[in-house]
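Same chain, two partners: subunit A is paired with subunit B first, then with subunit C.
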Partner chain A sequence: MTAPLLQARGLVQEYATARSFFGKTSTVRAVDGIDLTVRQGEILGIVGESGSGKSTLGRMLLGLETPAGGEVLYQGAPMPAPRTDAWRKLRAQMQLIFQDPLAALDRRMTIAAQIAEPLEIHGIAKGAEAAERLAALMARVGLRRDQADRYPHELSGGQRQRVVIARALATNPGFLVCDEPVSALDVSIQAQVVNLLRDLQEQEGLTMVFISHDLKVVRNICDRVAVMYLGRVVEEAPSDLLFADPRHPYTRALVSSIPKPGQGLHGRIILQGEPPNPAARPAGCAFHPRCAFADRGCAARVPELQHDGRRQIACLKPDAAAATAA
Partner chain B sequence: MTFVSIRDLRVAFDGVQVLHGVDLDIRQGEAVGLVGESGCGKSVTWLAALGLLPGKAKVSGSVRLDGQELVGAPRPAIEKVRGKRIAMIFQDPSSSLNPVQRVGKQIMESLRLHRGLKGRDARAEAIRLLDMVGIPSAATRVDLYPHEFSGGQCQRIMIAMALAGEPDLLIADEPTTALDATIQAQILDLLGTIRRETGMAMVFISHDLGAVSVVCDRAVVMYAGRIVEANNIRSLFSAPRHPYTAGLFAAIPDIDADRGRLVPIHGTVPDPKNLPTGCAFSPRCPRATAFCQTDRPHLRPQSGGGDVACFQPVAAPKAFPALRQEALA
Partner chain C sequence: MTDATLTAPRPGIITRMRLKMPFLVVLSSGWIIAMVLVAIFADLLRPYEITQMNLSARLVPMGTPGHLLGTDELGRDMLSRLIQSIRVSLVIAFGATILSALFGTTLGFLAAQFRGWVEHVVMALADFQAALPFMIMSLAVLAFFGSSMVLLVCLMGFYGWERYARIARGLAISASAQGYAAAVVQLGAKPSRVYLRHILPNVASTLIVSMTLTFPEIILMESGLSFLGLGVQPPQTSLGNLVGFGREYLTRAPWIMLAPSVVIVLTTLSISLLGDWLRDRLDPTIR
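Here is the complex of A and B:
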C-alpha cells in the first residue's frame, strides 16, 4: 500500500445560520467527524446527495476552509494557518477544479493569460520560459495553439473546462480536488474530460479527490469511493467492490437508483422520504428515518465507521441489509 | 391513434435556423423519449409546438393535435390546448412555482381554468392531486408556500399542477435533472405510476439516456436541430444504427462493464450559425465518407424497424434473434 498523501482526522465543519427575526442563531453541522486517507497517486471518489457535505469536505481538504474541529495532514504535516507564507506555498501544490468553468474564468482575460497567471503569481517562470510552459500546458489538455488568444465566451463548455484544468496544472500540483468537474458538460464532451483526468493520474501520478453525484462517472474514474450522508462517511470501499456489492442500505439505494436500459422501473429500491437536511439532523443514525432495516437502536446510537475486509461501513444492521440483498 | 402530429417544424431565432424540419408523431398513451445534447432542439420543438417561444422566434411547419392546427393558431385557441390537453413541466420546479402564493391556491387556479372547479370542490381536488403525487399529509400542507417544500416535493407539486387539467399529453422537460439520485428515482417511479393509472401520453425530454430507457416506450435522438434516429427503446439501446447514437452510448460509462477508458465523440457540437454542409455530424463521425460532407441524409425507415438519417449506418445485427432460437433448439 502506498503512503498517504493526505489524511483527515475527525474533521468537523459548522456554519451559523440566522434562525429567527430576533437574531438568534443556530449552528448547522455540514461535516460531522470525518476520517479519510488519500493515498499517493489514487483517485478517491466522494459521492452523496446535496447537503451531504461533500463540497465542504473538499474545501477543507485543500485548506480553503478552516475546520471547526479535527485536522488535515498533507504529507504528514498539519495544514498551515490560512494567509501565511507556508499556506501560500502549499496552494501551488493543491488545486481545485470547479463545476462551472465559465464562473471560474475571467471573462475579460484571454485564456493564455489565465493559464499563465499562476506561473507569475508563484514565481515559477517568466518570459520565454513561461511561453514555453504555456504551450506545453495547452497541448497537455488538448487545446490548440490558435485558441490561446480567445476569450472564455468564444470557447465551448468542454474547452473551457480544459482551460480550468490547464490553469490548475500550471503550478505542477501534486493534489487536485475536482468538484463536479463534468456535471455541466454534455455526454459526448464529458468522456473527453474524464479521459483527460485519467491520463493525468496515470501518466503524471496526480492524486485526486473526485466529488460528483454522477455515480457512473465516479465508478469509472475512481479507485476508491467514500459515500457521504449528512456530513458523515457511511461506507468506503474500492470502486469495483462498492458498486458490485454495496452494503450500507443508503449505498444500496444509491446504486440501485442508477437507471439501467432494459430494466425498466422494476427492482429499483425507491427510498421513501426526503433528502437529508443538515439543519434537522435525526438522532442516532442520520439515515434511519429513510431506512427499511432501522429499529429502535438505530434511532438511539450513531454507528461508527468500522473495517469489514476491504471496506469500511457505518451501520448497526449491515447483516439485515445484506440478507435481503441475497 | 396519433394524438399529436408534427410535420416539417422549423424554428429560427434572429435569422439563425435552430430547428431544421422535424417530423414526429405522438400516439395516444405512449411515452416517447427525446434525447440529445444541449442546443440540439429537443426542448425548442415543444416550446414551438405550444407557442411558448418569444416573439422573435420564427416558427413554420405544422403541429396538429387531433386534426387541429396549432402553428399560427390564435392565442385563445392555443390557450385552450395548453395545460388542458397538453401540460408541460420543467427542469427547475422552484422557478416555475410562484413563491408568494400557497401551493394549493396555485393548483386550484389550474383547476378553475381547465375544469371550472371552484371553492370547496377545487380545494378537495387539489388535496387529492397532492396526495396522488405523494405529498405526505396533503390536507394540512396544501396551504404551505413553495419554499416550505424540498426540491423533489416542488417537482411533485409541479406534476400535480400539470395533472390538474387532466391532460392527454405531458411534456416533461428534464424533470429529474436538478434532483438527487434517490429523489430522481422517486420521480421516475411516480411518472410511471401516473401513466399506468391515467393512460396519459408523455414526452420525456432528457439528456440522461438511462432515465429515458426506464420510463419510455420509444425514443427519438436529435442532433443539430434534426432527428437522426428513432426506434423503440429495446432496439435503440441494443443496436443503435446512427453513428451519433452509437457514440452517445459508448461515451457513457457502463455500470457493469470494466472500468476502462471512455470512448468520447471527438470535436464539439456545431455552431447553429455555421453548420457543416452535408450531414451535420460528419465532421465528428468515424464512419463519414466524402459523400457525407456534401449531401445530407434524410430520415428513412429501415428494413429492421426504426428510422435513421445516415448514409453509413452502423450495421444492424444480422438475424441475431433467429440464430439464438436455433441455438436454443
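Here is the complex of A and C:
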C-alpha cells in the first residue's frame, strides 16, 4: 500500500445561517466529522447529493477553508492557515479545478497570460522558458497554439475547462481537487475532459480527489469512492467493489439510480421522504427517515464508520440491507 | 511621398486613428487635447494680462478688433480671462476627479479585502459623506482654512469618493465570490496582484464611467463655490467664476457668460463621450 499523501482527521465545518429578525443565528454543520486518507497516485471519488458537503470537504482538503474542527495533514505536516506565506507557497503543490470554468477565468486576460500566471506568481519560469512551458502545457491539455491570444469568452466550454486544467498543472502540483469539473459541460465534452484528466493522472501519477454527483463519471475515473450523506461518509470502498456490491442502503439507492439501457425503472430503489437538509439534521443515523430498513435503534444511535473487509461502512443494520439485496 | 507609387504606403497615424474611432470620439478627444494644450500654454496664448484693464473699452461685444471675445465691465479682455480660467478649472477638475477616484477605489478595495470592522468603518464614512451636503462641508473647511488652490483641489478630491468606494467594494466582493478572483487567490497570488492585475481591470469600465460623471459635477461644484466667494478668489478666475460674475450682465453683455458656458458644456460632453468609448474599448468581450 502506498503512503498517504493527505490525511483528514475528524474534519468538521460549520456555517452560520442568516438569522431571522429577532432569532438567534443557527449553525449548519456542512461537514460533520470526516476521516479520510488520500494515497499517493490514486483518484478518490467523493459522491453525494447537493448539500451533502462534498465541495466544502474538497475546499478543506485544499486548505482553502479552515475547518471548525479536526485537521488536514499534507505529507504529514499540518495545513498552514489560509492566506499566509506558507499557505501561498503550498498552492504550487495543490490545485483546484472549478465547476464553472468561465467564472474561474479572468475575462480580460488572454488564456496564455492566465495559464502562465502560476509560473509568474511562484517565480518558477521567466521569459523564453516560461513561453516554452506555456506551449508545452497547452499541448498537454489539447489546446491549439493559435488559441493562446484568445479571451475566455471566445472559447467553448470544453476548451475553457482545458485552460483551467492547464493553469492548475502549470506548477506541476502533486495533488488536484476537481470540484464537479464536468457537470457544467455537455455530455460529449464531458467524456473528453474526463479522458484528459485520466490520461494526465496516468502519465504524471497525479493524486486527485474527484468530487461529483455523476456516478457514471466517478465509476469511470476513480480508484476509490467515498459516499457522503449530510456531511458524513456513509460508505467508502474501492470503486469496483462499491459499484458491484453496494452495502449501505443509501449507496444502493444511488447505484441503482444509474440508468441502464433497456431496463426502464425496473429494479430501481426510489428513495422516499425529504431530500437532506443540513440545517435540520435527523437524530441518530441521518439517513434513517428515508431508509427502508430503519428501526427505532437507527433514530437513536449515530453509526460509526467501520471496516468491513476492503470497505468501510457506517450503518447499524448492514446485514438487513445485505439480506434483501441477495 | 515619392515612394508611394512603389509600395503601398502604410497609412499615417491620423488615418489609422480615424478608422478605429467614431467621428464624435475624434472630435471630443481633439477638443480635450486642445483644452489641455491651452491649459499648459496659457501664459503664451494670453493676449493680455488677466488683470489688465482698459476703461475706455468696457463691455465691448465679441468680435471687436483686439478683443476677440469682448471685454467685461472693467474692460478686461475676455479671451485672456477665458484661457486662464480653462487652466484653473482643468487643474481643479482633473486633479479632483483623479484624487477622488484613487481615494474611493482604494478604500473600497480595502473594505472588500479585510471585511469586518474595516468594511464597517469605510461604509459608515461613505454614508456620512453621502448624507452630508458637500457644499456645506466645503464652505466650513474653506471658511476656516482660507482658500488656496491646493486646498481647493484636495477638498474637491473628496467629492464623490463614496461612489467609487461603494462600486469598488461591491464589484470586488462579487469578483471574489464569482470565481476569477478566488481562483487567482487559490493559485497563491498575493492580494496586491489579485486587486491590481485582476479586479481593477475588470471593474475599470464602471469606474471610468463614474469618473466621467464626477468630472462635470466637480466643475459645477467649483463654480458654485467660486460664486459664493469661497472658491477661486478674484482676480484669479475659473470657468465657474466667469459664469457667476457674468450673470449680472446677462442682458447687456451676454458674451461674458457665453464663452465660458460653451467651454464647460463642450468639455464635459467630450469627457462623457470619450469615457463611454474608452469603456467599450477596454472590454475585450464587446470588441
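The criterion applied here is as follows: the second predicted complex is superposed on the first by the 325 of 326 C-alpha atoms of A that agree within 3 Å, B and C clash if a C-alpha of one lies under 4 Å from a C-alpha of the other, contacts with A are read in each partner's own complex, and residues count from 1 in each chain.
Methods note: contacts are C-beta pairs under 8 Å (C-beta built on N, C-alpha and C of every residue); 3 or more make two chains touch, one makes a residue touch a chain.
Predicted, not measured: the structure shown is a model, and the values here were computed from it.
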Query raised in the report: Following superposition onto subunit A, is the placement of subunit B relative to subunit C best described as a clash or a fit?
Result: fit
**Report entry** Residue contacts on subunit A - larger count, subunit B or subunit C
**Finding:** B
Report task. Check the residue A:L96 against both partner chains and state whether it touches subunit B (first), subunit C (second), both, or neither. Result -> second
Query raised in the report: Touch check for A:C315: first (subunit B), second (subunit C), both, or neither?
Result: neither
Report task. For A:A104, decide between first (touching subunit B), second (touching subunit C), both and neither. Result -> second
Requested in this report: Examine A:M138 and indicate which partner it touches, taking first as subunit B and second as subunit C; both and neither are also allowed.
Outcome: neither
Query raised in the report: Does subunit B (first) or subunit C (second) touch A:R88, or do both, or does neither?
Result: second
Requested in this report: Give me, in Å and rounded to a whole number, the least C-alpha distance separating subunit B from subunit C in the superposition.
Outcome: 18
Report summary line: Per the touch rule above, subunit B residues touching subunit A in the complex are 37-38, 150-153, 180-186, 188-189, 192, 207-211, 213-215, 233-234, 237-238, 247-248, 251-256, 259, 261-266, 268-269
Report task. In the complex, go through subunit A and note every residue touching subunit B. Result -> 49-50, 156, 158-159, 186-192, 194-195, 198, 213, 215-217, 219-221, 239-240, 243, 253-254, 256-265, 268-271, 274-275, 277
Report task. Using the touch rule from the top, collect the residues of subunit C that touch subunit A in their complex. Result -> 178-180, 183-191, 193, 198, 201-202, 283-285
Requested in this report: Name, in rising order, each residue of subunit A that touches subunit C in their complex.
Outcome: 62, 64, 83, 88-92, 95-96, 98, 100, 103-109, 117-118, 121-122, 151, 153, 164, 167
